[in-house]
Structure formats: structure tokens, C-alpha cells
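So, here's a batch of structures to check.
Both of the next two complexes hold chain A, though its partner changes from chain B to chain C.
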Partner chain A sequence: MSRPVVLTRWAVCLPGLPPGTTFEGWAPDDVPPPERAGELLGRKGLLAKEPATRLALCAVHRAFGLPERAPRRTASDLSPDTAVVISSNLGNIATVARLSTSVREEGVRAASPLDAPNASGNVIASTVAIWFRFGGPNLTVCSGHPSGLDAVGLGHMLLLSGRARRVVVVGVEPRDATADALLTDATGEPGVAVAACVVLEPEGVGAPLHEVAPVSNTERPHVVADRGDDGRSELDTGSDGRGYGAEGVLQVAVAAAVVTDDPGVRSVTAVCGSRTEGFRSALVGSPRVTLGAA
Partner chain B sequence: MTRVLITGLGPVSSIGIGAAAFESGLRAGHCGIRPIGSFDTTGFPRVLGGEVQVFDAGSILSRIEPEEWGRSSQFAAAAARLAARDAGLQWERIDPERVSVVIGTTSGEAKVTEMFAQQLVGGGFEGVDPDIARRLPADRLSSAVSAELDAHGESMTIATACSASNYALGYAYDLIVSGEADVVFSGGADSVCRWAHAGFLRLGAVAERTCSPFDRDRTGMVTAEGGSMLVLEKAELARARGAVPYAEFLGYASNCDATHMVMPNASSIADCISAAHETAGVKTGDVDYVCAHGTGTPANDVTEAQALYEAFGGDVPPVSSIKSMLGHTMGAASGFGAIASALAIARGFLPPTIGWSTPDPEMAWLDPIPNRHRQAPVRVAQNNGFAFGGNNAIVMLGAAS
Partner chain C sequence: MVRIRASAALTCLGDGAATFAALLDGRSGVGSLPHIDAGSVNVTCGYSIDGDAPEPGYGAGGLLSVVVASALADAGLDPDTDRVPVVVGTGLRESRAIERWAAGERPVELERLHFGAAVAGVGGALGPVVTLSNACSASGHALALAHDMVELGFANHVVAAGADVMAVSMLAMIGRVAPEPTRQVRPFDTRRTGVLLGEGAAAVVVAAGPAGDGEAELLATGLSCDASHETIPDEAGMVRAMEDAYARAGVRSADVDLVVAHGTGTEQNDPAEARALRRVFTAPGRPVLTAVKGAVGHTSGAAALVNVDVALRAMREGRVPPVVGLRTPIPETAEFRLAGGEPGHTPVRLAQVNAFGFGGLNAVTLMAAPGAAR
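So, the complex of A and B:
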């Protein structure tokens, strides 16, 4: 994937952090916790929506700079060329565990018809498409730790192949007891509630995304800013690297924010994955640096 | 432009394991649907399922140990191993970094999830066996295939529900066309489980007696399982090694209705069909067979028929649903459709819709290839895959020139 695309919009939602938290070079967006998502999104349509879905909707809402409780788009406002790619490993795991448990304990009638669509792995992606009327390709990736950059790479591919004119990529993971238990077993520590959104377009104003590719010469996830003669420095994404399926998208959103706001940064390299699942990297250039020179 | 051939097929299904057995099952109109045996269906008003009752992963797998993986991963890896053998790949001449894996699924390791929930109820989170937790993540499906094949390229699991394997096949195609891979193993896998069956039951989608897609008296779908895998190979390399392809991957299209979680939209599906034809460079008159999504639910079948009528301008080629034989294998479903389509092209026959008896007045014009397969040359086949949330993906295959 040699031809760059442009990161035109981004947002980061870390509702577990105290309001007003900032990091060097960037700051998370102000969002309510999932149970109060209606304060940002408007209440209508949120009934039975899970925390991960609500977080993803908040991230897209912020990325597009919509006002609080903005009117929903109507059926005639469909964007057929806008694709949605979601990365989430644990997005609906609490619903699935609850459904499985209740059916085992109480029988088939314990399964709520409202819960049934939430048990489908693609519920976040399709809900984002329905909410914002995005009618392009609609994908959900759950590839473990590299999943976030898998999703960004998939979005890149959708643009290069001409299958979409705009791709909304969201990485999201919920924080609940089920997710904590699974992630602690897998990694030794619980995750964080996080949603990050980046919007990719073939051209426009923003930060160029040069490539997303597998990488082998690394041992751990990291995000590093290249400041030219001033050296390199590691960036804090606010998740302590515990964003799991959301981490790669979070890294790219932070990279886009930093290269845009800090004129001293020439590019940012993001690497996510794990030793057992492999690593991927993304290179985000500065809007001020000529393409290909980063 | 880089061309992509399908050089290997790996079905693990209730009507046959391996390409030859699966083809025989399709030709015979064999029905793999039975009362569910893998869990206690007491209290369930509808109990049919399409389970792979005779499946010995150990007899198929070469590198990974079945007991270390869940049932869906076993399906995926076994299907991949069968596809690899069927393709006759010369592994010593292949760079493993250029072999990728893209797998679709709806419920991932559904049975492991069920065990997880059972242990959760019994002893809380402290009572969950770490081995269960380790085997649960859905990305294990693609990891299992990569480990079984020692493939070092991209390894991705796509969870776009019931159209997941068409999405996976599409991405696999793009990987080869963009030059990022030479060979991609792609398809899907899912397992029958209690909670998914209950969920579909509560949506009123499950068939009462049998699965009869496109029949006037159809009552719904049947939950099913299996692994479907295809070998997509860069044409130049396949030709160089003398491979005999089943079909050429002509192109695909995908879109989202973006209107409703569970009600499909005919107009949006028609748009997807037309886009698939355009990207594949075919006209409606070139298509000789449509392997339908055809779940057997009243809503899906009439909507799909309307979409086909609209996209084909009323001149719709023969259409069949292999779910009448397999049931709905969820994330593996459109992979099975792609395998059936490839076989239809390579062997010159149209798979039937079994259990069909009465035309539906709302689609009286539709030829469902009722009950018996039909010998017929197939130049181009269209494989439909739709999912919850209006996720449509359509793959176009053609005769390999």
C-alpha cells in the first residue's frame, strides 16, 4: 500500500479519565460515560444499545464535530460511498455471556428479542451505519491485539480499491466484568473503556496516512513521534497500551492529533499487536511535510 | 490487472467433508438437517439443526492439536487443510510471508463461550478455567488456520455476521490484486450452539419442520455449522505451476442498507448486485446461476427475490439456496455458497433447492432449481450473502479462461 490517504477527522473517547485530562500534544474528547450517552447523542434510539455501541457512536459524533443532541440524519441523507470499519474484540461479550447464561438457567424464553441483534458480532458497525446513514461497505474486525491497525489497513484498502470514497474507522472496547475477566486471563491486566475514530479519505485536508503494514522487528506496541533533528519521543495514548482491539485506531487518532498540532513533529509511527499475534505498523505524516518525505 | 483464481476447495459440512463429497451431496440433494444433538433441546419449540455429526478434526489436521482449539477453529483449520490439499500447492515454492488468511464468522467460538458462561454461573469469574478463556477470542479462528498452514502473511478474522465469509473473500481478493499476497485462504466457520439458536428462535426466524427457501409455505431458517474454505491464488502463479482452477474470482461488491437491524432492504440489495456485476465486468445476461442467501425466512426470501428481479430487469437466471440442504451455517454460509458456485462452474451443474413444493405467488417467476440438480453450463455465478444490520456482500465467479 504505497499510495497515502488522508486522515481528515479523528476523535478519542476515554470516559474513564477525569474530565479535562490532557496528554503531551493532544487531549481526549469530552464525552459522557456510555450510560449517559444520550447527553451527547440524544436519547432516541439508544434503548438496549450496549456500552461499546454507545461509545462508538460518541466517537463518530465527536469526529464529525456534531453539536450535542444533533438531529439524526434522515432516510434521504444516505451516504452510499461512506464505509464503516469497526475493530473490537470484546464489544458484545457481556451480552453474549448474559444471553448464554440466561438461556442455560431459565430456558429459551429468557432470551430477549431486544438482545438478539446485540449478540451478533457486527452490531456496532451496523448501528453506526444506521445511526449516521453510512451506506458503504460495513465491516467488523476482531483480530486480537493487531486488530485496530488491521481495521485501519482495511479502510486504506477500501479507498485504494475504489470501494469507498470515505471510510469511518472505529476501535472500541467496553469495560465490564466479563471483558475484565477475559482480558486479565489473556494479558494479566484488565482493559479500558475506549473508543477512537479516524476518518480516511483519498484526499483532503488532514494528516497523510502513508502505509499500514505488518512489521516483525519489534517487541512491544508503541507510538513514536519523529521530530527530525530534535530526535524521537514516545507518545502517551492514555490507555497504557490496554486498548486491545481499539488500540491501533487509538494510536492513529493520537498520531493525527499530534502531527497536526505540533509543527515540530514530522511523522508518527504507530505499532500495535503482540508477540503471539504479530505486529502491524502505521506511518502518519505531518500535513506540513511533503508526501513521501516523512 | 492481476487476476485471481480459485484453485482449492475445503468444505467441512453436514452433507460432505472435502470437495468431492460435498459435490456429491449437492448433486444428490442430500439433507444434512436433523434434530440437534449437541445440546439438550428440552423446552425449545423448534429443534432442527445442521450439525456436522461426523467430524474428526484429528484425521484431517497436520500441524495443530485439535484439543487446544475450539470447535469453530477446528472447522476453519480442517477446511483450510482440505483446501490446501485440493489445490495441490507446492509449499516448498511458496513464500509463507505471502500466504494470508482471512476468515469470516458470526459467533466465533460459540461453544467455548457457552462453556465460559456455564463456569461463570457455577463459580463466578474466579471459577473460569483459564484454558477456556484462552480459547474463547474469535481471532483464534484465523490464528488456527495460520498455524495449521504455517502461513506467515496477514491473519484476519472478520465478524460481519452472516455475510462474513463473502466479506472475507472480497478482502482476500483485494489482498492479491493489490500485490500484498500471492495466496489467500479464505472462507468462514461457525458452530451450532444453544444461545444462538435461542436468539434466532426469539426473533421468530427458526423453521418449524424443514427449511424450504422460496417455497410459499416456508417457515424459517435452521441454525447450522461447518467450515468453508477456498484457496485464492494469483493467476500467474497458479498457471505457472500447472494448477487446474475451479473458477476465476471476477469481483465483488458490498454495501449496507443502513436502515434497520433485522429488516432487509430490496433496493439496497439490488444496488449491491449491480455494483458486483460492474466490478466483475459482467452483464446481467452473462450470469447463469445465483447461489442465493436464501435463508428460508419469509422476509429474506421475498426481499432477495425482489432485489434480483429489480437488478436483473425481470430476467433472473436460475436461483437456488443450498441452505435447504445445509441449514444456515452463519459466518461460513457465503463461503459454502462460493464453493457451490465454483463447483457449478467447474462441473457444469446447478445445485438444487430441496424441500421445495409450492411456488410463492410473490415470486412466481423464480426458478428455484427445485429438488434435483440440473446439468447446465455456468459461465458466471453470483453468490449472495446478507447479514443483520443490512450488511450485503456479493461475490462474482466465472469460468477460468
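So, the complex of A and C:
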């Protein structure tokens, strides 16, 4: 088993929930819906940015505790050692569908050059990198249901391999008609608008994240808190398990919040995936441990 | 140490061996645009693999299956019994399937938009399968992660792969900004007119241990993100990826004999890439420079590993294919020997492969030739 890394920051954005919603041991961050993301991020630079990109930016903004409309980082502030790993299956799918339909009906003039970055599935990761000036490795994972924990696992690996000193992992899915249609057809129910961010570092104070690994002895995604002699209990991530590509990151963010908030929780196990695409598991330990460099 | 046990590629010119032979002959595989109405996207040409056949439902997954199966077979691995993780890099995933679904042409299965199902079709023991949507350097990123997985002891063998076909949404972006449709990709040429897409896939089997007979050593893949502009490349980011690769590999730029460039034939990429190379290669005796997109088009997420396959064959055969489409090189390449004309004997001990993508995603790979002592 490889050595653990530390979850040093996290944020959860579930803009579809009523403001002030709380769950046992944690609460979502206060964020505006994607169309009003400028209220948190400042308006400049949001033109033609898709809802998933806006949600991801809000999650990173909250994870780093930045003030509302904080000034954008400048060219001299590049963090070459900070990596970005995004998990999103449906981030730009609505744009791909819309672009192809309008081009077929009206020709190439119907395609706005402003949409050019959105035609590529990595637009969320590159936008997060540009917005916050994160110049390390930049990955977008879209592996279906297990994607979120795949992203967390790859973030872990980027630290172990020395490719980054800090990894910003974001799981994000939009809620739109295209996403709803695809998810309802495949799973029987629509998804949720969600963005969750966790920041991984090799050492420091925070909740230790142990190895992410495939698991087979499970039937469904779940997040379980281990309270020692007081038993185990399932945690509510607020998504009803419908976070799709964001779910694994959401689980880890909630796990980090709960183990930090509740001294009775020894660890939290997160499992995401599906029967056909496989499951992944992550273990988040007690934050009352300071890990040194291995 | 990490080695490449097998490599497979598929382009408009055929499999890896056929592609390399055509490259040595200076042939271009450009043809008419397959499956998609050229008038609607203002792109008339493309580099298609089987453009006259009916369009498959999931084109990229189909190509991927072929190269993954081929690379595993060449490595002597059984996909039904050997548990091998697979990292797939792609630029557009199965975007075309979404487009056809949106047009009401055919249904789409959510799980087929990424590549777990396509890989599972090759063999039941393969996995886990991670799909990376990392633009035009996607398979270079997949190779970097496969290298890390082997080096960290997570697996003895890992497949890194890449696959892409064409999609209206991306073609429209190319056609939207082209004054007139491009007919031929011309990397590093003063009269280049832009990029064309190519269908393609490639896969390598990466393994732990010293390189065996005929195997290349995978020295390193350096990664960086420009973090500067969504579509305009930044040479500083490219330089960081190259320097990361040299540092990880423990080599100097002066050790590099061959660069298989990204070379997209676009207004922006080629001068930026050449300037980045000039900043890195400062010693006399600069490497030979070649690029393949004039012959096979821009295979998007597969491009990095298509280039790797070409570099492996160049190292093995001691011949470097010419840059198809190049007549008058841009001045930024003046200090480099651009491969051209009849390929003579060119020993290559250390090869560099560049891959740069939308969003400033950079992956630079270094490989040592079979038998090359370092």
C-alpha cells in the first residue's frame, strides 16, 4: 500500500439545494447558481463559460477560502507545482450537441468562436488552471461512474510521483436537458448540479487520504463513517448518489468535512462506481494526525 | 527502469508498419471528409481510415480495440487472464455519437461515451480503465500516468492508449476560423493553412524493468499546463514540459538525436513550438526534426502515441521520415535539420516526442533506442 497524502482543503457546491441546507456532520458551501457565478467569482472572464466550468470555479474559490469577487491571479503568480484533476462526464456534452445541431441547420457561421474551447472536453480543467494560474499537470477524467475516485486516485499519484506539490481535484457535473436525458435513459433518474473540490498535499495538517483502489465486493456507491465501538453509519452526500462523474470527489470532500468535524469518527470509507463500470474505494482517516514527509 | 514492450498504431495510412513505410515514401493520406457534410463545417478534407464504409456507432472505441489488442498480443499478454490497467487518452471521446443522437440519427449508450466498454471487449481481465479527455496531448498524458503506475509498483504492465475520430463540433471550429478550407496539413511551412483532423489510434504496453532485446527504454514524460490561454499555445509552458522530461530522465537536451514534433500546421502552434525548441536546444549539433501530421492528419488524442510509434520505428530502423507537406520552412526552425527528401541512415539513440493540446496541455516524452547505453 502506498503512503497516504493529506486532504488540506475542500468545498462542496450543490446549488440545487435550498440555501442553508445542512447534513449530519457537514454543510454545503454557499454558492450562487451557475448563471449568477459572477456574484462569487467576479463577472470578468465568465463570458461563454459553461455551467459546469462556472461551478468548478466556484468550488475551487470556496475551497481556497477566497473572498467574494477576489481579484484574479496575475501572470506573475503561476504555481507550476499545482496540478489540476477534473472529473466530469457531461461537462461539455450539451455544448457538443447544441453546436452540431446548429451547424447542421445553419452552417458554420452558427458556431461562435467563443465556443471553441467548449468543444473540447478538457475545458473545465484548463479554465481552472488559467483562472487560478495552476501550471502543473492538468488532467480531465471521464470514466463514467467511477470517474470521481479515479480522479482522486490520480491526484494522489501525481504527488507520489513528484509531478506536483499540490493537487486541486474537482468533480463536477451540470444539470441540463441533455444531461438529464442521457442519465435518465441510462439510470432511470436525472443527475444533480454539483461541484466538489478537494486539495491534496504530500504532508501537513489535514485528513489523511489513503490509497484509492478498485473494489469488487460491493453493489452500490456509499460513504460510511467508522465510529469504532459506536459502530458504522452511512453519510448523506446531498446528491442522493446521483453525482455521476462528480460523486467520488463529492464523497471524499464530505468525508474530509465529517472526520474533521466529529472527533468520534475514526475514518470514512467512500465507494463510487457502478456494477457495469466497476467500483473504486477510498479511505479517509482521522484529521487528528499530522503526517510528515515519508 | 521502465520499458516499452510493444507498440501498435492505426492511421489513415494503415497499421504502424504501413504508416511508417508510407511516411518514409513521403506519402500523404489526405482525402475527402468522411461521413460529415463538408459544406456545413467549411472543412472539405480529412485523413480517414475507412471513410467509404458505413459510419460506425462508436468510431473511436472501435479503433481503440484494434490497437489495444494488437499491442497486448505483441507483448505476449492475454487480455482474458492478465489483469492490466489501461489509461486511454482522447481529445473528443465519442462526441460524434452524441452529435448523431442529438440529430435523431441513432440512440446512444451513456457508458459508451468513454472507453471502459471498448476495452472490456478486448478482454475481460483488462482494467481498471481510465479515460482521460486531455485534448491533443491526451495520449502523452496517458503515457506519463502509465509510467508512474509502473514505476510506483501499482502494476507490472500498463497499457497507455489514445483514440479519436472526427466530430462536427470540432470540425466547425476549424472551419469557422479558416479563410478557405485547408487541403493538406503542412507542418512548419511558411504557407501552411491550418490543421485537418485524422482518424487514429495507438497503444503501448509499458512494463517495469530494464529494456530487453529490441525494446526501447521509456525514460520520462514531462507534463505542464500553460495556464495562460485556452486556445493559443505558450512557448514557456512547452519549455517547462521539456525541462521536466529532461530532469525526470536525467538527460540533457544535447543528448537528443530526434524530435518528433507536434507540428500541427496551424498559424499558432508551429512558430511557438519552434521557439520553444530553440530555447531548449542551445548547443551545436541540434537534433533532426520531423512531424507526421502532413501525412496522417491531426489524430487529436492519439497523436502523441502515433508519434511515439513513429519514433520507436525510426530508432529501430535508423531512418527518419520526411515532413510531408513541407516546402519552405518557417524561419523559427532555421537552426534545426528538418527531415526531408530521401531518408538516409540516421542513427537515433534518444528520441523526443512532443504533444501539445488545447488549454495549454503539454506532454513531452523521451525514449532511448534499443541497446542504447546511457
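Operating definition for what follows: the second predicted complex is superposed on the first by the 287 of 294 C-alpha atoms of A that agree within 3 Å, B and C clash if a C-alpha of one lies under 4 Å from a C-alpha of the other, contacts with A are read in each partner's own complex, and residues count from 1 in each chain.
By definition in this document, a contact is a pair of C-beta atoms (placed from the backbone, for glycine too) under 8 Å apart; a residue touches a chain by one contact, two chains touch by 3 or more.
Please read these numbers as outputs of a predicted model, since none were measured by experiment.
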(request) Would you mind checking whether chain B and chain C clash or fit side by side on chain A after the superposition? (result) clash
(request) Answer with first, second, both or neither: which of chain B and chain C does A:Thr22 touch in the superposed model? (result) neither
(request) May I ask you to decide whether A:Ala177 touches chain B, chain C, both, or neither, giving the answer as first, second, both or neither? (result) first
(request) Using the superposition on chain A described above, determine whether A:Asn122 touches chain B (first), chain C (second), both, or neither. (result) both
(request) Kindly list the residues of chain A that each of chain B and chain C touches, one partner per complex. (result) 75, 78, 80, 84, 89, 96-97, 99-101, 103-104, 107-109, 111, 113, 115-117, 119-123, 125-127, 129-130, 133-144, 147, 150, 154, 157, 160-161, 163, 178, 182, 185-186, 214, 277-278
(request) Enumerate the contact residues on chain A facing chain B in the complex. (result) 1, 75, 78, 80, 84, 89, 96-97, 99-101, 103-105, 107-113, 115-117, 119-123, 125-127, 129-130, 133-144, 147, 150, 154, 157, 160-161, 163, 177-178, 180-182, 185-186, 214, 277-278
(request) Give every residue of chain C touching chain A within the complex, in rising order. (result) 37, 39-42, 90-93, 95, 98-99, 101-103, 108-111, 113-114, 116-117, 127-135, 141, 144-145, 148-149, 151-152, 154, 167-170, 172-173, 175-177, 223-231, 237, 240, 357-361
(request) Spell out the residues on chain A that touch chain C in their complex, using ranges where they run on. (result) 2, 75, 78, 80, 84, 89, 93, 95-101, 103-104, 107-109, 111, 113, 115-117, 119-123, 125-127, 129-130, 133-144, 146-147, 150, 154, 157-158, 160-161, 163, 178, 182-183, 185-187, 214, 276-278, 280
(request) Give every residue of chain B touching chain A within the complex, in rising order. (result) 43-45, 105-108, 113-114, 116-118, 120-121, 125, 128, 130, 133-134, 136-139, 142-143, 153-161, 164, 167, 171, 174-175, 177-178, 180, 193-196, 198-203, 253-262, 268, 271, 387-391, 393
